[in-house]
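Each of the two complexes below includes subunit A, the first together with subunit B, the second together with subunit C.
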Partner chain A sequence: MRPLKNEETVLVFTKLKKYIGSNVRALLERSDGLYCFRLHNGRIYYVKEDIMKFAATLPRDNIVSLGVCFGKITKGGKFLLHITALDFLHPYCQNKIWIKESAEQNFMYGNHVYKSGLSRISENTPKYAGVVVLSSKDIPLGFGVAAKATAECRHADPMDIICFHQADIGEYVRNEEALI
Partner chain B sequence: MADTDSSQRVQEILTQATEELKSIKVPNDDQLEYDLGNLLVSNNNTLDETLTRDPEKIDSYLHNLARDSIQALLNRVWELPSERIDSDIYATLPKPTTRLPREKPVPKPRPPTKWEKYAREKGINNRKKDKKVWDDVLKRWVPRFGYRKIAAEKEKNWVKEVPSNADPFEDQFAKAAEMKKENVAKNEFQRLRNIAKNKKIKVPSVGVTGNEYASKNELSMAMHHAKHATASRGKFQPELPNEKKVKGLGKKRKIEFTTGSGQVEKKRNIEVLEKMDKPSLNLDGAIHKEIRDENVAMDLKRKGGKVYGRRSKMGGRHRTKSDHKSLKLGTGFQGKGKGKGKGKGKPKGKPNVGAKKKIGGPKMQGKGRPAGKGKMKGKGKGK
Partner chain C sequence: MGRAANFQDKPKKGPGRKARKQKDPVFPRATNDEDEPKKLSRRQRIRARKRTLKQEAVKTNPPKKMKKMNTKQKVDGDLDSEGEHQFSSDEMEEFTNNIKTNSVEETQAKTKFALFEKDGSSDEDSGGGNEDGEEENDDFGVGNEDENDMGFQDDDDDDDDDDDDDEKDIEKLSKKIEKKEKKKRAAGDAYLEESAEKIGIQIPSLEEVQQEDEDSPDLPNINARIKDTAFVLADFSKRREEGRSRSEYLAIFLKDLSTYYSYNTFLMEKLLDMFGPTELIEFLEANELPRPVTIRTNTLKTRRKVLATALIARGIDVDVITWSKVGLIVMRTPGNVTLGATPEYLAGQYILQGASSFLPVMALAPKEGEKVLDMCAAPGGKSTHIAAIMRNTGMIVCNDLNRDRVKALVGNFHRMGITNAVITSHDGRAFAKLMPRAFDRVLLDAPCSGTGVISKDERVKTSKDLKDVQRCSHIQKELLLAAIDSVHKFDGQNGYIIYSTCSILVEENEAVIEYALKKRNVKIVPTGLDIGKSGYVRYRQHRFHPSMQLCKRVYPHSYNMDGFFVAKLKKLSDGVPKTTQDKAEDEEDESITPT
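Let's turn to the complex of A and B:
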């Protein structure tokens, strides 16, 4: 476990900014205490400082996880967000997609969102912006990348992909052993 | 019928599940000893000998025992006050009661100084010296050091002999004081050198501290520093044949502490964030470049020269054709006027048609140009 280097910090923040924009600052400046980012076994954790200090007393090999895992840094040097980060992306996200009830299951099995399943999309979503996918009852289901801008969606075919799947809460069941 | 079948099946599955899942209630959990601060539970009861002797049953017996104890421990932990942070539940543990062995290793003894090492090699033993010594001159016991030693010294050495080979006008007292000072400084240096050696700090071997037994590395380092102590930082220093570059002068990577100051880390993160928001533009540099380009353009316009898009790679000032001519004729180059007027009603070096009429105004630099296109020199005060 160690703090992020500046390059890693930039890597993480650029990815987070795609979803929550300038609200990244809100993750750093919290009223309920100090929070920090830590790298452990190639994964980025967002953790309260007190808890991190407790965890630092344990041998590195024995730590499985601490705080909330935001994602991992791949061997290729990219940062991938994990579904566990959804709790923090959802309240701050700027672009949202609501999907129909009939398409929820499809999305939760790890498929992209098609135009046919699209219920609503927030205004002025640019192409390739990070979006949080919500159910029709406003429950966050996961997140992805907008494949089309809001204006383009209107003229899309029913089978056109609107949002590329990145993570969904179905992973808590499908992928349980890999989630930390 | 189908309904009763399915309900039976459900009942079966439920009973099976309850059988598989063991109860969280542990019998005789009062007999265990708990130390919740360390999350430790210990069972002091004697083991069942018939089971422990049986190689087939011992594993499951011990496994069950351990499981029950941990279940009992966790039951106690759940009773503790807890709070919820980020959808995780954290229990506040009481103070540990079991004393654990120390976490850090026992501190190492102080490494021997250079003298101590030498003394051990030579087998020199420190004799315990008396605190007081007999002084033949004063006829009494005098402290070897410390309180009243200086006073005794002064009493004893009220007069000093001038050696036959010494300068008769030399102050022997001052000389003794100087010697003493140097001795103290030498001791201090040696003390610091011992500390530095133990902490593996590099002591500069360059300059005044000169080390006559300097190693090859130290000498090459000294040479490196000497070579680079020029105005151009050694850029134009000739290389010796087969000269090797000194190693270990690179920048070391700085690693942040895992549990360093959280505020500092937060500040660093916010700095990174702010840097990302800013466009990567050197604003100061861009402004200066713009001002300079404007100045050059204005200057050239005033002189009537051709405005070139790019500056000459040769550097130097911008000169018009007439400037070159005047240079040849020996009338000199008048330099750039200041392009940016600073206001306050003092137009600087602007082509002024009415300038002719002003008496006592700025000096005209006539260069055979048509009237009205004359130039004012730099700091003229146009009324």
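Let's turn to the complex of A and C:
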């Protein structure tokens, strides 16, 4: 477990910024205590500072997870967000997509969101912006990247991809082994 | 300009629409082999003998005909519930005419989903109960013979809000009926004893039983014998055959039970040590049935009412668990919905969790901002419950030795949105050295032989032997000491350890607690649960500490939950108590004397 290096911090925050914009500040300046990002086993964890300090006294090899895992730094040097970060992306994110009930299952099996399954999209979503995908009942289902801007969506064909899939909550069942 | 079809070329397909032929009639077996007389089974012969006896009894006392009829039926009913599977034809007719199928079904449904019911009611519901059957029979019988009396009583229940005079009359009448019933019952009991003596339940000798099991075990026959033996054992001095010892009966009973329910002898002996014959049968029957599926609402993400509405909208029938604010019980799931893969589940709004695993957490009663350790946490049902109660404040350290199971733990924690956790994979015993006196509360849900959850895992029936139990017990003792050592103590507020197992064996429960009481300065405090039987203070050769009765035991047959044990310990001071006398004094004035 160690604090992030400069370049790692840049990687993480640029990625987060795609989803939650300037709300990245809100992750660090919280009223209920100090929170920090830590790297452990190649994974980035977002954790309260006193918990982190307590965990630092434990043998490193035996710690499996602490706080919330946000994602990992790939061997290619990119930062990959995991589905476990959804809890923190959802309340702060600026662009959202709501999908129809019929398309929920499809998305939760790891498919992209098609125009036919689109129910609503927040206004002024630019192309390639990070979006959180919600069900018709406002349950966050995952996140992805908008393949089309809001204006383009209106004229899209039913089978056009609206949002590229990145992570979905189906992974908790599908992919439990490699969740973090 | 259509082309005319060439019908002549078309081959014939099948026998044609109207060619269906009726099948040959099937005659009932009775009409087929009328000529050869059917051989009666052993049970039937006994029943026939009883019937002749009864007829003789009726002949000798003709004026008391009504009563005799009733008692007769009661006797039948009693014996039926005790020792027989089927009714003879006449009685069967009477029975079926009278039974209100609806009510029976209702009670069954109730049993299936009734959770957290007190002993008595569940006994009644189970329908296997001795008295239950007796009463039913009694009512039916009277309903048939003297309609006037009984008819009145039935009305009585319905029309309570009549005039005062009527009520008085009815009251008198009901008292009369009660008296009558009492008399009848007494007469019936007497008759039962008498008949039992006369007939004498014949149980073959141990050698014969063993021989039979080796040759060709006949399960219905064994089941009948189990009930017979239980009947004899219930009032041994009166019902036994002359010259046969209790141990012989018990040996036969044990042998039959282990064959019928397919347990190994070791486990069955242990169980027989704990329960009486009738209760043991109830316990074993309860193990054959699955427990109802329960789920726990994640209060960090939703509320129970909202979740229940969402699930009902998906076609999943749920009902609230009355004694918990977060529990839901699942009555029925439609075929196309998996409870563990709904969007609500994946969004972390609930977790599948047995009703019994709510209770250790309720006993632990963590407060916000505390440091809590869960030593054997996987798959995380209890520890996520703790985190939800603490509302993501403080800290919870979850540990499990098994790396593979830790993965499930990680998944559940992230799915449920818990942020205050550290998940480790350590040997739990190491915590005493790693983090001495670091926690406010510790939950130790120790690994055990699993004798309380046989309905979940049938392998326990045959796979456990003395060595397994001893091994479990040893690990549990070490873990409990480690748990005590990793708790620190503030002024009376903190320093609690919950020890729970899903086993019902004394070796893994009371014996472990007793060991901890000797080795560490702790005392048992009330768990705060109003469920379950108290722990054993005296059990066979063991004499445990008197405060052991504050522990709680739950059995599958009495509460329709998994069997488990829970004890709450409070740490008084560090170190080892010097003498038992010192400890006794400590407990009296609760003063802290560090050693």
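By definition in this document, the second predicted complex is superposed on the first by the 179 of 180 C-alpha atoms of A that agree within 3 Å, B and C clash if a C-alpha of one lies under 4 Å from a C-alpha of the other, contacts with A are read in each partner's own complex, and residues count from 1 in each chain.
Note that contacts are C-beta pairs under 8 Å (C-beta built on N, C-alpha and C of every residue); 3 or more make two chains touch, one makes a residue touch a chain.
Note that this is a predicted model, so its numbers are computed, not measured.
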{"item": "In the superposition, subunit B vs subunit C on subunit A residues touched", "value": "C"}
{"item": "Contacts of A:I20 with subunit B and subunit C, given as first, second, both or neither", "value": "neither"}
{"item": "Partner chain in contact with A:I99 - subunit B first, subunit C second, else both or neither", "value": "neither"}
{"item": "Touching partner for A:G67 - first (subunit B), second (subunit C), both, neither", "value": "both"}
{"item": "Contacts of A:E29 with subunit B and subunit C, given as first, second, both or neither", "value": "first"}
{"item": "Partner chain in contact with A:L58 - subunit B first, subunit C second, else both or neither", "value": "second"}
{"item": "Touching partner for A:S135 - first (subunit B), second (subunit C), both, neither", "value": "second"}
{"item": "First (subunit B), second (subunit C), both or neither touched by A:K48", "value": "both"}
{"item": "Contacts of A:L179 with subunit B and subunit C, given as first, second, both or neither", "value": "second"}
{"item": "Subunit B versus subunit C as contact partner of A:P3, first or second or both or neither", "value": "first"}
{"item": "Subunit C-contacting residues of subunit A that also contact subunit B", "value": "48, 51, 67-68, 87"}
{"item": "Subunit B-facing residues of subunit A, complex", "value": "1-3, 5-6, 9-10, 13-14, 17, 22, 24-25, 28-29, 34, 36-38, 48-49, 51-53, 56, 67-68, 87"}
{"item": "Of all residues in subunit C, those that touch subunit A in their complex", "value": "310, 340-341, 343-344, 346-347, 349, 371, 393, 395, 397, 403, 406-411, 413-415, 417, 419-426, 434-435, 438"}
{"item": "Touch list for subunit A against partner subunit C, complex", "value": "32, 46-48, 50-51, 54-55, 57-59, 62-69, 83-84, 87, 104, 108, 135, 137, 139-141, 169-170, 172-173, 176-177, 179-180"}
{"item": "List of subunit B residues in touch with subunit A within their complex", "value": "85-87, 90, 255-260, 262-263, 265-266, 268-270, 272-273, 276-277"}
